[in-house]
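For reference, the structure I am asking about is given below.
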């Protein structure tokens, strides 16, 4: 179960509110690489963790709980950036001085054009669980597979795209307070990338974990093609050589090779449609 | 651009059609860890690849193109498993012998209960781009971040959950033709896990790539907290020790440590609402 | 604006309630080929109709308004079919006699297994705007393009898949009341297919409308490839011959021919990533 | 910011695991009236709260934080109910004794038919943020309007549908542990209904809050029709009388009356389409 | 069943078309607090209404039918506001005089930047069932719970957020015709708030309806915690006092009190994963 | 199975990159009338085709494969148009000369305002499978009904809205390379409209195919109303006359006529709610 402290994990300040930057920050809240995603992903991985030990469940709970605080910081930052956003398309609105100062000379109308409209119309100048184009977050992005190694790679993927996003926000930002908040969040993403990879390492690294799931005996898979790069190019599009085309495989259990792809199966023939299936009579034959 | 051969990449046969297994297979078509996802993910990563070399674009195209053939195999398998599915809830339907044989004695009604209803009602006994509960695939799951290392980890995540799914389907299957098809697809997933990790390796492994993105100078991030595990437990919920709580970090650039989480920020105060913002007058003050 | 009569357009009766058939009917309410779709599609086409005459706007309003009554009939049918659905997984529930009679001897548990669970849990045994697998209708399926000919074909498509669905429901049904309701709705779909095609006919048929939009001069399109079937098969997968491979085109403005597809463009090279774009340094070069 | 205790808020035990009940419980996790919804709704209302006092922000944080623990309890309950779920459609699976005991004599195949397939195929027998038909939760259901009275009614709505759901789950349950967990959650929903209505009361009740938003002067709205029930029935469908058709309005600011609806506007004529708008030439005129 | 009159319920006129305001209006059509939502919500509540009387079904039909006319008015308003929207990014487009007048001196390009692009590209300058950021309406927002009191609060919530939206649109508008249309719609929302609350009142108010559902005996819920505010704050974040922390509860059936939240349950232990579940072998133990 | 050539089907060049046009092009990739849709639609129609001949399966594979190359061209065009897009809201960004040239004097901030933000934040200046407002493509738009005639009309609808979109993009474009690419794609859409209609023709045209499905005997449908236009207007809104109100029907099987709509059914009465259904006690009666 859970507790809260009404203070923020790290200071969030905005000197020059910018509704356009509020829009950008929304990606870190409700984007597929945002904080709701990692928060909920770690929670569901923890809550469904099956293992001889509760160690990984425990660890996941610590970090999932940390992430709630990240959503909170970003939601606060969005609200602060919307503080002086225009609410009207009327000329008077554009001329009220406040907007002019905030917008760098732009008009109220221009400022609204760049906003997620729901931030104003649905939320009254506050954050929402939507991405930077106003698309709501969909929880199908919570990957919790029941396989701890697969989950860890899902987490590395989430924190890699997440830190990439945070860096892009940092590069786009002009407010010192925002840069400071982001330089903190980027650091946390650095650690989280390390953290999930460290679990893989602790569990035996590539050799101890691959292929995932490692509980399925490789003798049951098609052993002729499990370390082959399949080339699908026609003449003029040969396969490039790389670490994955020759030499021992990363898991030490095979040797990479290249196979020119070609059909091993037949043309599939499903036959005529059944009379009661709603097909055209021409299909029924 | 692209070409096709009307034959399948690998044989797909079904001796005992089972609409319930057809439903399961749909997860591998339209599930978030299914083949449409990897196919489209590799294509969009290829088409948007920015780099001094076209090598990774090329390689991605080979594998993306291979994956179209995987969707095709699975769609064929779904159609074949639906071959003798019931189309009626009437008693006569249940008694027609065909269903009885297929269903192992179950009723037509029982068989339909377990089906994705759209497989019958929308598709006329064929595959659809939906998951095993009938939810359509949503292309927000195509991760192509513009960062090659982040993309590779997204791909490892996709192939790890994908092979986990294929193994679960193999374990659930009873038809030899289906097991054979899956033992081939599991082998391909093995290779694809190796392939994407090999790109990371070729690019310098953990040290050459972490933290992702590595183009952002770490001196700009909050260097006090970038290798710290944040413990959020109250008394009685201490942080478990692991590879990620002490010792050198995986990227060789820091030392893991543990920090008990505590607020560094203030209570955020957004102040009263603006008069023109649609708030209650009690909020405006 | 709109009015209602509290009576139904056509009688809806159910003698033997069947929650499994309720599930099937949901496809006709909230499926992509269902009645909410056509109702809203015709309304939005009407409301946005731009033309020298209001004739098509008018006509669309008549049929859109009719369709509200179809949703109403189906929603009523779903509620009636859920009348004796089980609400409990307990053994006593299974033994209460009512369920036994309704379910043809099956258990309450078995009956629930086949239901859209939200019909019970979210709606208290009533219809919902979801499809037969419980997926909510998404209004992106409302096609109203601003081009009247394109819209008419969208409508023909909707009524063709719609009547196909209604026929499948009729084939699956066992209750005489349900068959009667559906035999009425199938008749209406017959007319609606005729109706939208008649608009095309009235506007000049193939020659008067193709290619859509016909307001764009064909001299501006690539006139070498606008009546060519592109064959993409490799050796062994030649293009089948048909009405579309030779002879005059349907619009009378060209001659069909076959072209073996081949790249006319170059390999696209996007070049290195920009330093500020969140890419890996290996991509920046 | 946030903390956790690894123990649950209230005991969660399952004596007789039932994958079918696991499916039902999913509605309380990922359904639109479930716990993710209220948890996130209260958080976003808190984080965006603009008012002269932080009192309501504070209060919302307490309850939002409580709700995380509710999701956790339900996710645990789902996992426990999936403990002995079948993973195979093979006959041997059906005969393994475990399933037979769990399923009350049903077959493994029958048991799987009733399950959310993703609970097995995507999550490895654990909870997911999806509803009882496997549809992922969509964060567009997080209502946080920036108007505190509107928000409170959104919360009452959420807790009313939420407690209705919990009661339905209680009625369907057969396991004593599950009934106990639910009797606790139902009690909490009782309180939360009271809590949000109490805020309305504290802010002045109907008279102090209606119409919402009360910051818009009613003199600006069309005062002829703001307390009128509009009857849209044709002959034979008159409007029923009720508290809302006569007498003083609830807010004490008007008198209810009935108006037979009739068009006050004109037939809208949008005119011909523009030549460059992709319309048919017949629309351009 | 239903009828229409081709005239509008209330006049809709636009003197100065503004594509940016068209975008805003889309929220009132396809937003979660918009008119499609209330229209469909009232219809589904009516069609599924189970009660000893048809009174509430009847009443809901009157208002649902009224709401179709509101969608129609808004769709007309959107089309009229798009009348002179730019269709081209070319310089000539910007200079054509028409746009300049409409846009207040802005460029065509600037005008398009602020538009929902689908209004032009998919609809040919007409309304769509999408919100103000172009996100399609999703019918999961149709709340019809089968519990009349829960439904009424859902309706109050819808009309409260709906009127808040309408007020924000009024505040943003600059065209007199638009302000007039909105001042009418705001009045209707005022009534609809009153209407749904009046149903609650007629049914017995707080005491007669709470807790919802009132058909579940409160003796079955955990009576120790059903009127307790749970405080989840750590030291420094105490619970604020309010109407909900002491005194008699609103339903007159309990006394409010405050409980400091603490775990009553145990740490959940799911145990090792099953060998056939696709887990890592390290999880199987 | 499938092959690729790394060269494009047709040249894609951009002289003056324009991030605003990149946004527009996204509609042709991830819009409901875009290329992912037709590509996947033709594939699923092919893979599920049941007929006495594989001819239509074959033909569909040719065109589906062609369409992959169209997505590729558009994705390349989006990336090229994003080449010089701004990545920063800082003043220095606006002043860097590059943006100024690209934007026609506009500011970096203004340019970003008009962009799909995910093109920058999620994809690093590359294409995504989203529409022109950033909404991800949803695969529920893949219509493959199992009825070949219904499918063909779905395809005509897709290519009609698709060519309408392409024409709108052509009209909006200012770059010669983009116009050239589009003039090629418009030509292909011309052919594809012809192609799907030619299948209908080959199968017997209106008489040979209508009503769809033609395998259902019309004697089973309500023969009194299957060629009747239902008028739903009240006095003042009569039905307009047209090809569909009198004369022989298009399929030669009936005669059009007009019927004034009126209720043939009764007022539906669902009766009181069941005690265990979570209703209010007032509904149970």
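In order of appearance the chains are A, B, C, D, E and F, and numbering begins at 1 in each one.
Going forward, contacts are C-beta pairs under 8 Å (C-beta built on N, C-alpha and C of every residue); 3 or more make two chains touch, one makes a residue touch a chain.
Source: prediction; values computed, not measured.
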{"item": "Shared interface partners, meaning chains that touch subunit A and subunit F", "value": "B, C, D, E"}
{"item": "Most widely separated chain from subunit F, with each centre as the mean of CA atoms", "value": "D"}
{"item": "Per Cα centroids, the chain farthest from subunit A", "value": "C"}
{"item": "Pair joined by the larger number of C-beta contacts - B-D, A-C", "value": "B-D"}
{"item": "Copies subunit E and subunit C - interface residue numbers shared by over half, same or different", "value": "same"}
{"item": "Between subunit A and subunit D, centroid-to-centroid distance (C-alpha), Å", "value": "26"}
{"item": "Subunit C and subunit D, separation of their C-alpha mean positions in angstrom", "value": "28"}
{"item": "Distance from subunit B to subunit A - Cα centre to Cα centre, in angstrom", "value": "12"}
{"item": "Two or more partner chains touched - positions in subunit D", "value": "1-9, 32-33, 47-48, 50, 54, 58, 61-62, 65-66, 69, 76, 79, 87-88, 110, 113-114, 122, 124-126, 130, 133-136, 138, 140, 145-147, 149, 161, 164-165, 167-168, 171, 212-213, 215-216, 232-234, 237, 261, 263, 265, 267-268, 270, 273-274, 276-279"}
{"item": "Graph class of chain-chain contacts, one of line, ring, star, complete, other", "value": "complete"}
{"item": "Interfacial residue positions of subunit C with respect to subunit F in the complex", "value": "3, 5-12, 32-33, 55, 58-59, 61-63, 65-66, 69, 73, 76, 79-80, 83, 87-88, 124-126, 135, 138, 140-141, 143, 145-147, 149-150, 153-154, 156-157, 160-161, 163-164, 167, 170, 183-184, 186-191, 193-195, 197-199, 201-202, 206, 210-213, 215-216, 218, 220-234, 237, 239-240, 242-244, 249-251, 254, 256, 261, 263-268, 270, 273-274, 276-279"}
{"item": "In the complex with subunit E, residue positions of subunit B that touch it", "value": "164-165, 167-168, 171, 234, 276-278"}
{"item": "Touch list for subunit C against partner subunit E, complex", "value": "1-9, 30, 36, 40, 43-44, 47-50, 54, 57-58, 61-62, 64-66, 68-69, 71-72, 75-76, 79, 122-130, 136-140, 142, 144-147"}
{"item": "Touch list for subunit A against partner subunit E, complex", "value": "1-7, 47-52, 54, 87-91, 107, 109-110, 112-114, 116-118, 120-122, 124, 130, 133-136, 145-149, 203-204, 208-209, 212-216"}
{"item": "Subunit B to subunit D touching residues, read off their complex", "value": "18, 20-21, 23-24, 27, 31-33, 104, 106, 110, 113-114, 131-135, 161, 164-165, 168-169, 171-174, 232-234, 236-237, 261-263, 265, 267-275, 277-285"}
